[in-house]
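Which chain is which? They are A, B, C and D, in the order written, and residues in each are numbered from 1.
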Amino acid sequence: MKKLINDPQDVVTEALEGIQLAHGDRLTVHYDPNWLVRNDAPIPGKVGIVSGGGSGHEPLHGGFVGPGMLDAAVPGPVFTSPTPDQVQPATKAVDSGKGVLQLIKNYTGDVANFEMAGELAEAEGTTQVKGVVIDDDVAVQDSSFTAGRRGVGGTVLIEKLVGAAADEGRGLDQLATLASALNGDVRSMGMALTSCTVPHAGEPTFSLAEDEMEIGIGIHGEPGRERMKLESADAVVERLLNPILEDLPFGSGDDVLLFVNGMGGTPLIELYIVYRRAAQLLADRGITVVRNLVGDYITSLEMAGCSLTLLKLDDDRVRLWDAPVNTPGLRWGV
Amino acid sequence: MKKLINDPQDVVTEALEGIQLAHGDRLTVHYDPNWLVRNDAPIPGKVGIVSGGGSGHEPLHGGFVGPGMLDAAVPGPVFTSPTPDQVQPATKAVDSGKGVLQLIKNYTGDVANFEMAGELAEAEGTTQVKGVVIDDDVAVQDSSFTAGRRGVGGTVLIEKLVGAAADEGRGLDQLATLASALNGDVRSMGMALTSCTVPHAGEPTFSLAEDEMEIGIGIHGEPGRERMKLESADAVVERLLNPILEDLPFGSGDDVLLFVNGMGGTPLIELYIVYRRAAQLLADRGITVVRNLVGDYITSLEMAGCSLTLLKLDDDRVRLWDAPVNTPGLRWGV
Amino acid sequence: MAGPTEAALAFVRHYAEVVHEHKSELTKLDSAIGDADHGENLDRGFQAALTQLPDDDAGADAVLKAVAMALVSKVGGAAGPLYGTAFLRASAALGEHEQLDGPAVLAALVAGEQGVIQRGKAEVGDKTILDAWRPGIEALEAALDEGASCPDALDRAAEAAEAGMADTIPLVARKGRASYLGERSAGHQDPGATSTALLFRALADTARAHADD
Amino acid sequence: MAGPTEAALAFVRHYAEVVHEHKSELTKLDSAIGDADHGENLDRGFQAALTQLPDDDAGADAVLKAVAMALVSKVGGAAGPLYGTAFLRASAALGEHEQLDGPAVLAALVAGEQGVIQRGKAEVGDKTILDAWRPGIEALEAALDEGASCPDALDRAAEAAEAGMADTIPLVARKGRASYLGERSAGHQDPGATSTALLFRALADTARAHADD
């Protein structure tokens, strides 16, 4: 797989340097350990919001650092959860005294590393930290037979809404409750037309034939639930949307945010074709799309494919969605 | 090449329907002929700004319809200039009486079709129309031996700046002059790691080996100036930036906007690696990057690759860049 | 012999079929040195034209004008304005002629060529439509001067157009999208010259088929 | 016989070399049922550990603790906390022991396993690190009970760990990233169990090499 990179070992460092050069007016990148923080952190009177995970999902999470969303982001190596060495300074840097909420995608590594960072923080006793785990992926059963559902597209929405709520001055417990509630009301599922290539691995993580697609993928390039023959966009949308609708469930009368996400290598024209069918199916079911998001927000390097995310909305959530946000990856109202 | 589409013949129509469903709160799509217009057009007292071209470059141009940028966009079939049938109603719909400025990318078809539309408009005599041709691509010689330089990345920047200037109430002649001046001060060059596949063609337009790249590409998937062995991102940046710098030329003391654009299939992490080197090289040359843009803004379906665009800035242009814009593809200040 | 309107209709229907059959080939040619849409574009235009053709007695010029309108409104790209203007000028030139005989067809082709040159400002050797069109016209003119029948003259025109099409292979493009490739455009046959050669051959075949009417 | 610190250092250096040599293999295993980073992650951690090792007289527990710190701060992913905690607990368990003999190594491994279980909450059969670790411990325990020498006992432990690693092939993963694949995870060897088997083998080889010291 061809890439626009230099030494594969330097991908994350160099991308961070690029992010610093491009967005240094609003955020600062720290190296060894790697973490990013908004320049005006900590914001007096506000709970700090931190998230992180492996790199390779840009703009998630570093691209969401700024007013209205994340105060700090913690980027691990490609597809590898960051370590407590990284989580700690990022967490402390955004604590104005009101505490810090960590939004943690549900992967064994992400949870364990944030947990270990939490143990160290408690030992130090200076920062009050709460963590909420995000696990919106319906492709995986949440049972004793799995490591639990992956945190995927819902992460973007939760980071935005919680970021806005933090801006409003809500306290740490309230924000944790909100994050949990949002996590309970959001569902996602993704698919891939191609795999992706982790820079140091040098070859795609899995191989699909010209007439195959992978259903129920995550964002780290691992194989999905099922491999099957490629279908039309409309058929793919049904394969993603139906499990989402049945799971929560979503039903007639619901107001939702419909998020069509590109995995990195799929062009925007196709994402709108996907959006069309998803919107039609929701309308058929009496579900009202009140807000939406279409584009590459939580990616898997150059993977071609898409994911659908549905979040149940209420007036408060709509207000939080509409609230100003000023990050490289998401911006409105300012 | 695998795509998330239904019938290849319906790609443009379905994508437009998706755009309508997603952004119907701010724009309206017309079909047969196809054109998009902001819902509040025409804006009293304001010159209308129209652009268009083949589809397949999303978000360009339809994604840039909204306050602060385009009043209307005209989308042809994939990689095919739209016809006067489309340009005409889009142009008339955004004329508040102050006239309409058409921003036309320099391709034989785009120019000819907008020209023919202009002839029909003059015949009707109702709308005053001026057209400015954008030709920022340094990969092509502007001589009697070519069809002239292609309009590429500079188009995004010109649409934004002219859109802001129109919002300020500048007149048609002033806006045409501004667009021309901007065109004179912007330069671009692109490269590809892979080709793209036009839906109805069913196969990539050209084929690169695993160790090859194409230098000096446009946005329609045609082969570039040169095919050569794949190089590192840093080397690629030099191959794109040096011709840009030498051409205008840009030199020490200049203030510029640095635009690193993804061709559609290249992930954001790589675009930041490209940005890093470009920013370093400019700094070495005493050129100050005052503003920037990084992401997929003028694409070529799923082509992997990037383009660099450099625009000379002054205070007026910086102000126009910072002015509010509210479109699906670009948004700030509102 | 078939009336001029019927002859023109027969030509348009035949050429539309030819374009449809060669859609893939034209697209492939336009991939090597272009953006892979020439075949699709022309096919779309001519399929639309088929639905907009006037009645059998409207006049050959009305037929060509209808085609022109369809091409201009449906083809887009470079080929839409070029071929659209060509058919429009050809239509106007036919207005003078009562029969669709050799001189009439020549006048239409000459006017059509002028339309292509007006829109595209190309010259012979630029590796475009013109590189098939001009040889076709010259051969038609010469054949008619020698007293050849209309079908025979159009046959020779088609051969010349096809030779011109093939002669675009070594050319370095100086107009159109292929010119962005510079020297790399050499070694590939021009798609527009190919659709033009197909047009001349369709003319010749139509004339031959109607020669006994 | 080498002092405990030197033995521990020798083991760490040897295992770091083994991990480095098997980086590609571990990454490949982690591609079939994971995200292709296990080899890279572990290698990064152990290369970092090599630069943070204490002096020859610091004590074996200090060596393992230094490794633990390096793993926790540099590896990330699932393996970082799991192996990091394992080495930390092993270090604590070694504190009681003066010699790095069979019972000491067993205690360290048992404590390490507890760390893995505490962090990961997996059970044998879940297709994880544990599926090589547990058999390794059981074989070591049995061998030491039978009076085997330390190198011989560790040899048997390594064989059992390797058998456990191979036995993960038909398992359906119930923990970790492979569990997202459901039934599709069967038929592939677990990367973590593989790096664990390599760890047991490195222990055995180090004990063998130092048997004559």
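What we mean here is this: contacts are C-beta pairs under 8 Å (C-beta built on N, C-alpha and C of every residue); 3 or more make two chains touch, one makes a residue touch a chain.
No experiment lies behind these values; they were computed from the predicted model shown.
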item: Where chain A and chain C are represented by their mean Cα positions, the distance between them in whole Å; value: 55
item: Intercentroid distance (Cα basis), chain C paired with chain B, Å; value: 32
item: Centre distance in Å when chain A and chain B are each reduced to the mean of their C-alpha atoms; value: 29
item: Arrangement of touching chains [line / ring / star / complete / other]; value: line
item: Chain-to-chain touches, reported pairwise for every pair that qualifies; value: A-B, A-D, B-C
item: Complex interface listing, chain D residues touching chain A; value: 27, 31-37, 40-41, 44, 72-82, 84-85, 119-120, 172, 174-182, 184
item: Of all residues in chain B, those that touch chain C in their complex; value: 33, 54, 76-85, 107-109, 112-113, 115-116, 139-141, 144-147, 150, 198, 200-201, 203, 205-206, 218, 220-226
item: Residues of chain A that touch chain B when the two form their complex; value: 2-7, 11-12, 14-19, 21-22, 55-56, 58-59, 63, 193-194, 208, 210, 213, 230, 232-234, 236, 264-276, 279-280, 289, 292, 294, 296, 299, 301-302, 304-306, 326, 328, 331-334
